[in-house]
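Here come two complexes built around chain A, the first alongside chain B, the second alongside chain C.
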Partner chain A sequence: MGIEKRNVASTYCELHCVHGTWGTRETSGAGAVAHIQLEGFSHLSEEDIRELERICGPEDVLCSGPLLEDYSHDEMLRVRGVPEAVVFPETTGEVSSILRYASARKIAVTPRGSGTGLCGGAVPVFGGIVLCTTKMNKIIEIDRENLTATVEPGVLLLTLHETVEKLGFLYAPDPGEKTATIGGNINTNAGGMRAIKYGVTRDNVRGLEVVLPSGEILELGGKHAKNSTGYSLMNAFIGSEGTLGVVTRAVLKLLPLPRRTLSLLVPFDSLGEAIRAVPKVLSTGILPQSIEFAERNVIFAAERYLGKKFPHTGAPSYLLIRVDGNSVGEVTSMMEAIGDACLEAGAIDVLIADTQERQKAIWDARGAFLAAIKSGNQVDECDVVVPRDRIAELVEYTKIVSERTGVRIESFGHAGDGNLHIYVIRDSIPDDEWEKRLEKAMDLLYEKGEELGGLVSGEHGIGYAKRKYMLKNLSPGEIAIMRKMKAIFDPQGILNPGKVV
Partner chain B sequence: MGIEKRNVASTYCELHCVHGTWGTRETSGAGAVAHIQLEGFSHLSEEDIRELERICGPEDVLCSGPLLEDYSHDEMLRVRGVPEAVVFPETTGEVSSILRYASARKIAVTPRGSGTGLCGGAVPVFGGIVLCTTKMNKIIEIDRENLTATVEPGVLLLTLHETVEKLGFLYAPDPGEKTATIGGNINTNAGGMRAIKYGVTRDNVRGLEVVLPSGEILELGGKHAKNSTGYSLMNAFIGSEGTLGVVTRAVLKLLPLPRRTLSLLVPFDSLGEAIRAVPKVLSTGILPQSIEFAERNVIFAAERYLGKKFPHTGAPSYLLIRVDGNSVGEVTSMMEAIGDACLEAGAIDVLIADTQERQKAIWDARGAFLAAIKSGNQVDECDVVVPRDRIAELVEYTKIVSERTGVRIESFGHAGDGNLHIYVIRDSIPDDEWEKRLEKAMDLLYEKGEELGGLVSGEHGIGYAKRKYMLKNLSPGEIAIMRKMKAIFDPQGILNPGKVV
Partner chain C sequence: MKIIVLVKQVPETSEVEIDPVRGTLKREGVLSKTNPYDLHALEAALRLKDEVGGEVTVLSMGPPQAEAVIREAYSMGADSGVLLSDRAFAGADTLATSFTLSRAIQKIGFDLVIAGMQSTDGDTAQVGPGVAELLDIPHVSYVREIQKATPEALTVTCDHGDYFLTIEVRIPCLLTVSRDLNQPRLPSYRKKKLTKDKPVQVWGRKDLTSDDSSEEYFGLDGSPTRVERIFAPERKRVREIWEGTPGDLAGRLYHFLKEARGK
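Up next is the complex of A and B:
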């Protein structure tokens, strides 16, 4: 086991360091003064590596070789930082020991699941240890009476979905990225396509076991459906992107699996018309499971990527709608009411997918949108969320940004909940020109999002890449409080340094 | 306007001060050291009163006369503390000015809505100012496109329900106490009867405007259905019982109003059987809007209290179940499946209430349970929440506690979500004996709740009266973090002192 690749922390944040200023940061104002040390982390010595091996077993510590590179970026590839060691703990006790040791030695620790994030949240921009939860991947219990699943953080979303569905249950959150871990979903408060009816990850977590940087283990919430016992620390961890503690176990809410689903593919003459149909759909009094939108270009990309034909590509824009219920009669009457509402709102047609195959064709394509857009190209993403009635305006504005900056922009997303995924695409733009145009495009998009009452992130988080925009989007008072919260849980700032606040 | 009744802070906490020890409290451990001053509050001078009158207008400041007594207790009457002044701000600006002034003068401020709490959360145990939100009672906007209601904190739950239902929407949280304010519901994270299907207040709040003790105004969240932009400060305020800030505006989630509801009244031979039927009901794959349980004694009390006959009183125990949907066919098929499940689980019969009148008879009685038990009697309450499958055990244990302590105990509550309301009833027990037996009974009940994996409060909060039990129930680490959170938002400890942590 060599250690020659360990002292590489100096390679951090090659692309994005312009967005942050490092150093000792002091948050002041009324109340506890919070000192968060943002540098001065120790590099890993041979002794440190031996201690990590002692804690986890040598097979669960990676500190050299080409595999290390896999843990130096996430899915978006834009933020980079090479870890000095990657550890794969298998128990809460091991996580606690790692964190206690890292605290004592002041080593940066970056928690990571599958690394499917898009904002650099799991990238070790200060080097140090990557704490990867992929070996904590057991579904511990499915409790049929309390309708809960107790899981380790490394369980993949697709594994959880398959497991509980076989038993007649639904775990409601349904982000497009099914190879993400549940721990990652909790840390970003992932939303997904079923949020309009069933809420986001936050609404579907009942309890968490969390390890603090000190090594202390907290049990928060449990199998209870209600809780008014003191401040909700559990909710502080959800969406905190691994900056406050490491989630080592979660109790998730299950629902009875709806027996029937039915999907509608609704073509429109323009995206504006499609999006303006959404309130009309909701005014039927029916809450669909999902209402997604897409333009033809994105659908073509998905067809190419999957090598499969989409059921309809003759229109410029589409709504993809899915309803669920317990009987054919129930979903049929939902479908009829929604179909009528769409036609009244100007839809060209309403196509019904009532077989498993036809539904699969639609939702497989939807699931492939991101991969299709990224395929063979460099992109960056804006995950802004606006009030539902402002989406059309924002999507129309992306065309203006595209013209003004000379970059291609594609978008798709959750028409039902106001969360857009806007992709700025490089194509063949040369290096320096690309960075300049990308920054300009992002600045314009986030500015417009804010003007429309939006927030920087609907479901992908802030991570490293979106800090600049969050600092602009939220009030200084709010940011100051967040920094003080960080200092409560992680006074030395060793946990996922450089992220969020 | 006299001021002779102002210096009465010495009358605070007559009954419960044994549970708390006051003084300067220092939370230590890793991280920021949090100093929360718990005494040394200033009494109100004539000049202070004049300043409050200048801020709110003299008609909105009450500082003498018999009305002051109304603000010295809540619905439970057990915790008492007379305010030196009650102010009724009408704008966020006024709230901000009051808090800024109180901070500068170090005057205790206790936020209050309708005072329907049961744990002393809104009782000014340190005297000072009661900040009553009842004049901030406007429904500012119903947004049909974004499915949100924007309201001031003093709006009553019943007003909100009526207003949105007329427009075809549902505000889902449905606590029994309909004269509570929305601000109070947010501060206790109230749950209610529809939580099993629609979640608790936390799940139905999209955005908050909050004023900190410093006077600073924060806007948190908004009309967005998703938000992964930094730590969720909004969730820190929900359930914080007015100890971190004053909620001055809320954006609430609306749902399309289900067009049909149907209620079932299901008699059982024993409460154990009734409660053990709940998982069988849920295994039908149908999520009812509500599953409540009650014993005959409580129903008799409600009949006497309302002067109305309950549809059935021949059995010892009942489940009250309500389903909702959009068509007669849908709710009928739900009812049939649930009815069959109840009969299989040993129900004596299944009575269907399909008219508005019959449904009203059941749910009016359910709504009157608490008032009926309290009527002409002294009681104290235990609002424990346990995993749904442990309720039967806890209810059976209440009989043992009743025998061991010689006090009458009645319970009813939310069979669907594990939240029990257990009432210890005084009847004709003499003063000193009552306090002794009550304390013994409460200790036993909370101990058992904890043994069953329960938490101290499901939906009524901790307030003043339940602090002792929360401090036992949660880990020292969790409590230490909560105290540090309190110090971030309220470093001087002027806001609702003596409550929660």
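Up next is the complex of A and C:
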């Protein structure tokens, strides 16, 4: 155990260097801001480990060995903290017992799914226990009459999609990361590529079972299609990034699976033109499933990463549009209306992906954008969301930031809902220069985002890495209420400390 | 260079049901698309045209609705298209199909014929080479790369499974191509609108021959193949995992194979 503890301590130092000190965190103004206790967490003793083993079974507790490292970071790799133990509960009862015990002992608990986050939300920056939900991975029920799926939090998004689609249903949220868990999606309020038509995770959750740090189990919402019964506590947990409670079961909304989809790849001479075409597409009265944008560089990166050629690379910028409907005739007439709107808006052409193979060639590449940009490089991201009509300004500004700070910046994202994924890429910049330039670039990007009426995160969450920007972005009054909420659900502050508020 | 591309309309999904009584594929209500391999052939032709100049004609055989695959080829950049459609062509096996296509190819005139290596519904991979034999021109199958093209010859690499073979082939010739060759371009909505009224020539038996006794070479009459039964192959895969020392396993494997051979 000694070795792991030293790792935890050195991790704090690293975090201080990378992200500034904790001292800045309570400076948001209003005197009434509740102070969140971040001190005095207990380290795990041998006895604690034995108790966790008693609760979950020894095979479901991991407290040493090389595997521990896997739970010390997420996909962005920038935030690090080594857990003292990782537990894999299999039932709500076990989650409840773990949390009750951790509360009594004041041990920090960081909930985690498959660790595909990008802001350090699932990283145990205060050590303690990582509560990993991956063994709670059963699809409990598909209710064909109420159109709901009841699932455990560790079910992977790709498993859920495959399972319900085979039965003729659609679970609409479609974040690029298919190996994410549903629990993680709920906790970050993940959005994804179909949000423009079907909303984000929040719009597709009907009910939750949640365990509070005290061990108390709450049933919130249910299979109802409507609910005006009191405050929506359920919605407080969606997007709370594991700081208020642990989701142990979810009732998700299903839709009839649209029988046909058709995609368009629309090349433009400039990114500005591409983005400015989006409102013209929407004014056709047709709501596409997805409207994404990509620049050629990112497409080239995806080609290299996948070892597959993209159907068209002759233009600097592209829109990727997908419509859905129930017949070939329906999606074809949608295609024609959107195609005409794009041509009017100055598109070079409108390329039609009407078969499965053709659509796959486009969307496989889109799905690989992030991995391709990250591959063999260090990156950090900005997931800012602005009103739809301001997105072109923000994208154009990224070029200015790149010039001003001397870092390469690539972006892609959801042109249809104003949510941009901007990646600042290290390439061969030396260590200290990189941190300096990255911080400068991020500061500029978030400043611009705010100026355009944007919010810090569209779908990846705040986690650890984006706190500083959220505290600036939101009003002190709003932050104060969030902290009071945190104190109500988690009075001791043991649940995912250091995150969000 | 005058290039002819052979295209076929196939069912959209590979999960076509089989009519157990008639032993035929249930095609009613099944949506169609261009055979995916043929899109690679068309892409190769369009790139060769860009490189050495010329003209690309697509040629298909099928019922009247197969015009759709020619229209699609127009929206990808093909210059002209011919559909061979006649009741007399119905029921053709790969020989009769090859014969019919070769007649049309001669009539159109060509330097190069390109086809997909096979169709996703029939999977025989016979029609391309069959056409080449009837035209008495050289052919190269399973082409995965075209290295060099001149008006006199092509240098291509083909995939023989265990090895690649790079060949120089004189023109006129025929190639069948694999999916590794290229990434086919997508149909263009702009071109689709522009070619909306572009004609597709439809030829019947009389357009290919003036000889009435030729009937026996077309369609069912020209097909020595008789399909007795179509069925989905039973997928039976038994998997066993053996553990042990290399010596034990080798002995066990020896006896297992010996016994299996004896059956």
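Please note the rule applied: the second predicted complex is superposed on the first by the 467 of 501 C-alpha atoms of A that agree within 3 Å, B and C clash if a C-alpha of one lies under 4 Å from a C-alpha of the other, contacts with A are read in each partner's own complex, and residues count from 1 in each chain.
Just so it is clear, contacts are C-beta pairs under 8 Å (C-beta built on N, C-alpha and C of every residue); 3 or more make two chains touch, one makes a residue touch a chain.
Keep in mind that what you see is a predicted model, and the values were worked out from it rather than measured.
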item	value
Which partner, chain B or chain C, touches more chain A residues	B
First (chain B), second (chain C), both or neither touched by A:E330	first
Touched partner set for A:K308, first chain B, second chain C, both or neither	second
Chain B versus chain C as contact partner of A:G339, first or second or both or neither	second
Which superposed partner A:R358 touches (first chain B, second chain C, both, neither)	second
Partner chain(s) touched by A:T181 [first = chain B, second = chain C, both, neither]	neither
Contact residues common to both interfaces of chain A (with chain B and with chain C)	none
Of all residues in chain B, those that touch chain A in their complex	29-34, 143-147, 168, 188-191, 195-196, 199-200, 202-203, 212, 214, 216, 218-220, 222-233, 235-236, 238-240, 244, 255-259, 279, 282-287, 325-327, 329-330, 333-334, 383, 385-389, 414, 416-419, 453-462, 470, 473-475, 477-479, 481-482, 484-491, 500-501
Interfacial residue positions of chain C with respect to chain A in the complex	12, 31, 33, 36, 75, 182-192
Footprint of chain C on chain A - complex, ascending	264-265, 308-312, 328, 335-336, 339, 343, 349-358, 361
